[in-house]
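As written, the chain order gives the labels A, B, C and D, with residue 1 at the start of each chain.
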Amino acid sequence: MEKKYAKNFSLMELMAVAAAREIRDHEIVFAGTGLPMLGSMLAQNTHAQNCVIVFEAGAVDCKLAHLPMSVGDPRTMRMASTATGLFDVFSTVLQRGWIDVGFLSGAQIDAYGNINATCIGDYKKPKVRFPGSGGSGDIACLSKRTIIIAVHEKRRFPERCDYITSPGWIDGPDGRNKAGLPWGGPEAIITTMGVLKFDEKTKRAYLASYHPGVTAEQVKENTGFDLDISRAEETEPPTEAEIKILREKVDPELIFLKKGED
Amino acid sequence: METHLEDKVMSLSEAVKKFIPDGAQVSLGGFTAQRHPMAFVHEMIRQKKKDLHLVGHSPGGDWDMLIGAGCVKRVELAYEADEAFGRIGPRFRLAVQRGEIEWEDYSNFGMVQRIAAGAMGIPFIPTYTMLGSDMLKKEGFSAETRKLRKVPSKKLVLMDCPFTGSKVALLPSVQPDVTVIHAQVVDAQGTVRIYGQNFGDDQQAKAADKVIVTCEEVVQLEELRDYPEHNCIPFFRVNAIVKVPYGAHPYACYRYYDYDPEFLHMYHDKARDDASFKVLLDEYVYGVKSWGEYLEKIGGDEKLKKLKADKLLGYAPKLKRR
Amino acid sequence: MEKKYAKNFSLMELMAVAAAREIRDHEIVFAGTGLPMLGSMLAQNTHAQNCVIVFEAGAVDCKLAHLPMSVGDPRTMRMASTATGLFDVFSTVLQRGWIDVGFLSGAQIDAYGNINATCIGDYKKPKVRFPGSGGSGDIACLSKRTIIIAVHEKRRFPERCDYITSPGWIDGPDGRNKAGLPWGGPEAIITTMGVLKFDEKTKRAYLASYHPGVTAEQVKENTGFDLDISRAEETEPPTEAEIKILREKVDPELIFLKKGED
Amino acid sequence: METHLEDKVMSLSEAVKKFIPDGAQVSLGGFTAQRHPMAFVHEMIRQKKKDLHLVGHSPGGDWDMLIGAGCVKRVELAYEADEAFGRIGPRFRLAVQRGEIEWEDYSNFGMVQRIAAGAMGIPFIPTYTMLGSDMLKKEGFSAETRKLRKVPSKKLVLMDCPFTGSKVALLPSVQPDVTVIHAQVVDAQGTVRIYGQNFGDDQQAKAADKVIVTCEEVVQLEELRDYPEHNCIPFFRVNAIVKVPYGAHPYACYRYYDYDPEFLHMYHDKARDDASFKVLLDEYVYGVKSWGEYLEKIGGDEKLKKLKADKLLGYAPKLKRR
């Protein structure tokens, strides 16, 4: 069947589709609130019908009928395989090595995919305080790979985070190994302007694609660290089928689709 | 080990008076959008509790109100926000930025492991989580604070595993003075049944020295003992039982009622500003004498009908959530 | 009400009654198979109606209608408060410090109440192998106090066990503290000949009482270590009420009452 | 992570062939009088498995038969017996006394903690249990054995807690190659529901690399997902599902059937002697082709009727037990 690309779609929809496409069939996905939920539900309704959605609050492999507003939302109970709690999911699923892909976001993301969800400025006298790690630090440490979702602004993409809440590649290819992390690391950053991936050798982020309507140069200008855009091409747009499922099945209540992210 | 039946069932006001001294280390149950013991939180605020040391994983408005009302001295946590309803707890943010409280950050798994270790009766637990993060390096508590009771002597310790050589972080356990959870059903003796995910309630209760359970229903002894494997906390661990229907509002209680998006959005609007937060506290906490009166204030039967959970789904599928 | 002592009772019945009497009302009791079950059920039906019986297999505060033949017997499920598993009971109940009294037995018991349930002879080349610790070592380490039940034979009461499976006072009053044990220690040994208790100062076992029909000297002769019998008096016999409850309510099937112990 | 539905449901013979290579580290579920995967044990014996490394807490006849049949090289355990039915596993005792197997003793809690640590994905767990016992001092495995895969490099390590100064024992975790449990109900995809106590099955399954579930009933997907909080193992952890009604005989399966005292007493009588044990194996294991044939041998419908559990109690109250 020929792919029919959608003509009208919002930035949120484009990002949700990009997130969904990072999930492969049969994978076990650690999903957080917002875009990761949209992406996971979309994936489950398109190319990855057998992907298993895990929420840190306890629900494993639920069949969502209504989009949750929280990882602890009662909607995550629907038709789940098991529903325990944080300790069981974090330890026997995540730390035991069963999560194929986890989603992350945060206030700052740096060149090595490290994330700050804690504070701007000194930790003990912060200029701005954020909610803190939540499960983000755990997903970053213990998923087999992670996908980061972010609003693309210069101040949000510094060379180095003020505080590393969720380690990415830390300081390069050997960073995680030196820290003692058993596996994992970020694979992509899906932003409001494009998709960043990590150089195999240096583990620094480079621009893999820019979204329709944006140029690679614009992405570079809006990035606080030096961004390699030499390999960038245009992001593959959402298909009509993806947008239809997203709107009609995933988020018909418009819980996230019409709200700005963060 | 005196466990007299009649003594355990009591009012909110009695339970707070009896079990929450100023300065207590307190852990509150629930997670993100569900089962925070809010009626108990309101009563602690009304009784003007001081210098509480809160330990938890991902609290939301429960901690935020306590912090905003000036009840809190110190927190150990992973996250304080209401996710889609409010991406940061406004009073927590301000209290930290103004230096009004002491805080220490771990990850969700980190905190839940510390509490689980407390429940297991061990002094620490090893983990791979947080390795490579600044949670290993940046410390919130001062050396003075580290000497206090119920505060771990170190934030954590890095170690090479003596069996495998791999690096692990040892996290100190937590055994709160009191854990307060909100469950669906408790029997008059204290056996607790929770529907849906348990979150961290099991570990938080078992870690604590004393346990208070607020609940939707108190049932007779026999009712919960037909399927003991569905109960999570043995009766003898529970010190106080308080029946407070809708006691988790504005949060959800699986199979009973859904969260209240309207109230949660309102809270996050008002709590950002000192003056409007004060008005909110006056209206919903200080200005009401009972949880029943509070429920009237938030919309009474009409609101509660909207939140009522569908029997099959356990939530309110038609609830307007935006 | 005046106590009416029973005239006819077996040794097993006498021991079951002695075990029951060690349990106080409202206590939390870690019970093993056999005499501890008889004793706990009897206590629950007489002076300690609010005692809580805990089985390591998971059942907490069951209301037994039929005597279990094993701690994992389905009979232990009846009307329990909770029923989880070994890890939960051992860690959150026993190690967390909630067990007031635990019962123990074994193949050898020495002067300090240490128990051997593992082997006779060298551990790596044993002359006789026993089943091993089971929960016994755990109960010995982590109950607030323990009661030991034993067949009284000279070879079973050596000065020192071949192997310490379940530590008693180890080597004296400071033994447990030096080993790092947080609390606990044996309070009494109920045997087929009498009841031994531990000297407050030395923590060595002495004879507190000899059963009707046995003399203190006979107990001494049948003990492998030097036994102080200077404080011994006759064991208080079972009452008629106790024997009646034991026979009619606790073990009407004669699961344990007519069988020899060990 | 391929998890095709149809592939998981298979016969005993296929499951043993596919998942139990000689030399595998295997953990068997159940505890004392209940839910040992006996049908699976018989099939392992029939397939003449060799050099198995068994890890468990308190096994009974399951291990005893495997040891007696010569399938076992090495065991890590706390206890091997059938309590009131037999105070020592006769084949285990003889194998140890004759030096035919390698063994390492921990306490029940010790083993269950090691398995729980494996399930949690941590390399060790601290505990106070076993302090002061000879389990700390006497080691069964040789230095050579300690170098093998799946064998911990040390039995345990003593350490002073860096937070409290108290002495703790660090126990190495266990992650068996395969865990086999016998559950009451499994859905065709692998979601497991156990009635009654879970014993160590939850931790044993979650610790293992592969999981096999034998069960009384296999049900359709939807049937177990109405109350996900009553299920203990998520479907994706289960690699094989084998339907074997009465598959735990002579042990009990709560709410389905009771233990079989007659058979258990017979086993302990016969297993004490090499010759009569061989006859027993020939009669009940080698000499039958299926579990159905075995059930005929042990008394067929008449016996099974006696063992059938009362609906309310979950066991057979009128069973003759002496």
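We adopt the following convention: a contact is a pair of C-beta atoms (placed from the backbone, for glycine too) under 8 Å apart; a residue touches a chain by one contact, two chains touch by 3 or more.
Keep in mind the model is a prediction, meaning the values are calculated, not measured.
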Enumerate, in label order, the chains that touch chain C and chain D alike.
B
Shared interface partners, meaning chains that touch chain B and chain C
D
Contact-richer chain pair [A-D vs A-B]:
A-B
When the centre of a chain is set as the mean of its C-alpha atoms, what distance in Å lies between chain A and chain C?
58
Could you please state the distance in Å, as a whole number, between where the Cα atoms of chain B are centred and where those of chain D are centred?
38
Chain centres from averaged Cα atoms put chain A and chain B apart, in whole Å, by 28
What positions in chain C touch 2 or more of the other chains?
59, 77, 83-84, 91, 94-95
I need the residues of chain D touching at least two other chains; which ones are they?
121-122, 127-128, 166, 168, 196-198, 229
All touching chain pairs, where touch follows the definition stated at the start
A-B, A-D, B-C, B-D, C-D
Can you list the chain D residues touching chain B in their complex?
121-128, 152-154, 157, 159, 161-164, 166, 168, 170, 172, 194-198, 229-230
Per the contact definition, I'd like the list of chain D residues that touch chain C in the complex.
30-34, 57-58, 77-85, 87-89, 92-93, 96-97, 99, 105-110, 112-113, 115-116, 127-135, 138, 140, 166-168, 196-203, 252, 254-255, 258-259, 261, 309, 313-315, 317, 321-322
Quick one: in the complex, what on chain C touches chain B?
26-28, 50, 52, 59-63, 77, 79-84, 91-98, 100
Using the touch rule from the top, collect the residues of chain D that touch chain A in their complex.
1-3, 119-122, 189, 191, 206, 222, 225-226, 228-229, 231-237
For chain A, which residues count as touching chain B in their complex?
33-34, 56-59, 65-66, 69-78, 83-87, 90-91, 94-95, 118-119, 123-138, 140-142, 163-167, 170, 175-176, 179-182, 253-256, 259, 262
